[in-house]
Amino acid sequence: MNKVMSNKWVIALYVLPALLVISVLIYFPIILTGYYGLMDWDGIGEMTFVGLENYANLLTDEKFWDSALHSFLLAAFSTLSLVGYLIISLILAGKIKGSELLRKIYLIPMLLSSVAIAQLWLKIYDPNNGIINSFLTAVGVENTPVWLADSNLVLYSIFVAIIWQYAGFYIIIYSAALKGIPESLVEAAKIDGANPIQIAYKIKLPLISGVIKVTIILAIVGSLKYFDLIYVMTGGGPNGASEVIASYMYKQAFSTNDFGYGSAVGFFLLVICLVITWLIRKLTASEDEIQY
Amino acid sequence: MKKKALSVSFLLIVVTSLMLAACSSDTESSSESENESGSNGGDVKTIDFMHLWPEGSSKQHNEIVNSIIDEYESNNEGVEVEVEILGNEQYKEKLKVLSASNELPDVGMTWSAGFLEPYVEGNKFATLDDVIEENLSDAFVPGTAEAYALDGNTYGLPLELNITPVYYNKAIFDEYGLEAPESFEELKEVVQTLVDNGVTPITLGNKDSWTGSMWYMYLADRIGGPETLTNAINRTGSFEDPALVEAAAQIQELVDMGAFVKGFNGLGNDEAKGYFINEQAAMYLMATWDLPEWTTNEDNPQEFRDSVGYFKFPTVEGGEGDINSYVGGPGVGLFVAEESDVKEEAKDFAAFFVEKWGEQSVTKAGVIPATKVDTSETDLPQMYIDILNDLNDASNLTLYADVQISPGVAEVHLNMIQALFGGEVTPEEFAAEQEQALADEE
Amino acid sequence: MNKENIELNKQTKINVTAKKGISLWGRIGYGLLYLILGIIAIFQIYPLVWLFMFSLKSNSEVFGKSPFALPESPRWENYAKAWTDGSINLYFFNSVWITVVAVVLTVLLASFVTFAITRMNWKYNKLVLGLFMVGLMIPIHSALIPLFDFFNKLNLIDNPISIILAYTAFNLPLTIMILLGFYYTLPREVEEAAVMDGCSVHRIFFQITLPMTTPVISTTVIINMIYNWNEFIFVNTFISSDKYKTLTVGIQNFIGQYLTDWGAIGATLMISIIPILIAFILLSNRIVEGIAAGSVKG
């Protein structure tokens, strides 16, 4: 057994092509990003080496830390929303009528490009003609909120859109994982008299714990580098109230022509992701698996 | 064992075919580009031209461009113009990436002043003074080509010129017995009447905060005169000038009166314009690039188009600025890449393009060109003729603040505009913050 | 694995206290459940309806009027415009083949890696997995200039290979992560038995593991497909000729310097969602069927 499964040549054959692709197309840009971060460069003309100046500025840049806080909040909300996705997936995995159809319907939003999703949510949040405020006005609310224009609400308004946008992504992963649980285990528990909630909690969840851990990492890392809807829906405004790390980085690099600083922000973001992933690995490590 | 061999070879095929494809196309495209660029003394010289008028959104622009290119190619045997078109945002992004890799197109579009500066400093754009002297010496409206000049050299040939009037809905004004205001006090009265009647006075898409910036710039001009803001920016003056603080205070007064559409800080300009077109708001301050919307755009109801009028931004009593001073400026212009293989041809093409564009753009696409327009012989909607006349009488043209200043300070300015309109900062803080940003940059 | 199961069974036995049979409360519960599920379903399907209406409107209707409103007079010409002015007919084919090649390449490479990491015995598997995971963390805009430079040096700019490679590289880490969770869950008995029988690694991979992982493969195919289909930053940056552009770039055709034709954008989005919707429905069935096939073998 060990001999066959330890064949060095086979391992190399299986791993190297993919490793080659990512080392060239991902590690090369990562290294260059770190390198640009040491430069004073507008992305257009000559570069000048400034050492760690950009990184030093970063540590005292209030706007950066504000946007970092927003990114962390998004990460927290996305992780919490995994519970909701999981519950929906568990219900749909049960033997209820129409679950196949419902599951397909639930995944529809993930097919839409962010351009479409942003337009939809702009229409939902429009302060005068929007779906929510039309409804609120109809039921007699006078001072309807202005959502995306309100510095206190804007971030959470977008979070709702993002959480909705990603529902399909996680439900499809959880659904596939739940389908992978052998029917016999569930049947055995039923014969023993377990109710659906007990089956879900005691049998299904432990069996897909590996998948759950993966989705936690995906949700956190994905949130920390999230960009799309925020950039289209608010551009980070009003006055930075919905700025996140990636949109801040983009503005620095592409709009304000401080490519060196933007790269430093990008590289720092990568470091934050690494540290957090490492922490998650430590916190959720278990004996019988490879730690990831 | 057979299976094993099969699967291994399958994998190898996948990987190697990719590599091969990469290599083969490698040689293919390199030989192609050599032929195209003609740097080896080939017969055909290719000018790469990148612009931002796609057929879908800017059909007329696109057609004019194509006809100019056809004409140029038939006039100049052996020169070919290859076009790449991108949407506005993507254009800016790609220009940057191309520039970082030294791969700028031979001819492309640039914005003036602050946008152009890093490209000039990075030695990416060619000087065009020779072309202007030779072919276009008296072609441009005074002040337009200068917006593309740095240290006495010109790096862009302007294609458009816009000023910014206040458009208003005559039907709504009539309904409440209102007239186009000439002074700021009158404007406030108009606003008050509309607010009292539950009509949104002004629509504003301040998510794109350059829109709010235009309101601020006008008030700064009307209160402090055209030099005050310009001096603050070029550091002969200060942003904490009382006139600039007062202008900010006036903005907040308008906001407090309820002059602007609800939720303006979250609305984009397209959405804000929608309120005006759907007659849900009475006034809209926007540049003349929107003139086609009020005149020729069949998508908007005729009745609405007929009811749109415009007035010049009102004067402030006791203020320095006069009514014929405008916020505006040239939009895009053409640049020629410094490292172009076909620089001479590219310059020649750019000059030809500007000339032909000036002849056709206003009649065919409704774009007011930066070259002088002879209104006597053209058949234009009345609003165009009025605007062109106003342009002739203009006493001053102040370039949009976010274009005028460097991108870094522009970002601060735009953020502060949102904060000012949103009531998050006092006028004093608003001024102080920008003074700080400008001073830091010196 | 087996040991774990037995333990689980024991626990459930101890904890079981539930009564059997469906009571009145049970029925009300089910009714409520369906009500909630139904409301969520409306939320999820509404966007398609909305997009369809959007695609039949003019700019002035899109903005300013209620998003619920039906188009005043449906503008089918938006579709004609999208098809001709937007060159969609040309981009459509590119989108399809580029998406398919990139998806196949990504999922195949990712399966190889995941198999090697979870099933084979070697010292550096954790390290290599870590290397792939770091790939999740790079913001796409940081990579644009370095990647452009790289492809430019290889003369791959304006060549579809550049976007296929970029899609593969940027989706590999995610795909591997998703596969990983499943490979851990899957029982290894079948593979172990196959090794006993003297099967080669390749045979195990292609004939046992791949079929057994059909559900997750379908999942990753769907996710990759959607990502590639909707991607536009790489296409815009690396491709300049019309002949290689994809559908998402068709949207760019309607974004003007000052005026954006939203109705035509809606039509383009609507057209571009149809093939992916069909592919999605077919594939999501595979998630179920795949299990059946896998469990027969297991």
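Going by the order they are written in, the chains are A, B and C; count residues from 1 in each one.
Note that in this section a residue touches a chain if its C-beta (ideal position, glycine included) is under 8 Å from a C-beta of that chain, and two chains touch if they have at least 3 such contacts.
As the structure is a computational prediction, the values presented were derived from the model and not from experiment.
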If every chain is a node and each touching pair gets an edge, what shape is that graph: line, ring, star, complete or other? complete
For the pairs A-C and B-C, output the one whose chains share more C-beta pairs in contact. A-C
Distance-wise, how many Å sit between the C-alpha centres of subunit B and subunit C, to the nearest whole number? 38
Approximately how many whole Å separate the CA-defined centres of subunit A and subunit C? 14
Indicate the residues of subunit A shared as contacts by at least two other chains. 13, 17, 43, 126, 254, 259
Could you list which residues of subunit C touch at least two other chains? 64-65, 112, 145, 165, 200, 202, 205, 232, 251, 262
Going through subunit B residue by residue, note those that touch at least 2 other chains and give them in order. 8, 11, 93, 100, 271, 275, 280
So in the complex, which bits of subunit B are touching subunit C? 1, 3-4, 7-8, 11, 14, 18, 21-22, 25-26, 29-30, 33, 52-59, 61, 84-90, 93-94, 97-98, 100-101, 103, 270-271, 273-275, 277-278, 280, 289-290, 292-293, 299-301, 331-332
For subunit A, which residues are in contact with subunit C within the complex? 1-2, 4-8, 10-11, 13-15, 17-19, 21-30, 32-33, 36, 43, 88, 91, 96, 100, 102-117, 119-120, 123-124, 126, 129-131, 134, 164, 167-169, 172-173, 175-177, 179-183, 185, 188-189, 192-195, 198-199, 202-203, 206-208, 210-215, 217-218, 221-222, 224-225, 227, 245-246, 249-250, 253-254, 259, 262-263, 266-267, 269-270, 273-274, 277, 289-292
Subunit A partner contacts - residues on subunit C that touch it in the complex: 4-5, 8-9, 11-13, 15-16, 18, 20, 30, 33, 37, 40-41, 43-45, 47-48, 50-51, 54, 64-68, 109-110, 112-113, 115-122, 125-126, 128-129, 131-143, 145-147, 150, 165-166, 168-170, 172-174, 176-178, 180-182, 184-187, 192, 195-196, 199-202, 205, 215-216, 218-219, 222-223, 226, 230, 232, 248, 251, 262, 265, 269, 272-273, 276-277, 280-281, 284, 287-288, 291, 294-295, 298
Taking the complex as given, what residues does subunit A use to touch subunit B? 13, 17, 42-46, 122, 125-128, 146-151, 154, 234-235, 237-240, 251, 254-259
Subunit A partner, complex, touching residues on subunit B are 8, 11, 15, 92-93, 96, 99-100, 118-119, 121-124, 200, 206-209, 261-268, 271, 275, 280, 406-408, 410-411, 415-416, 418-419, 422, 424
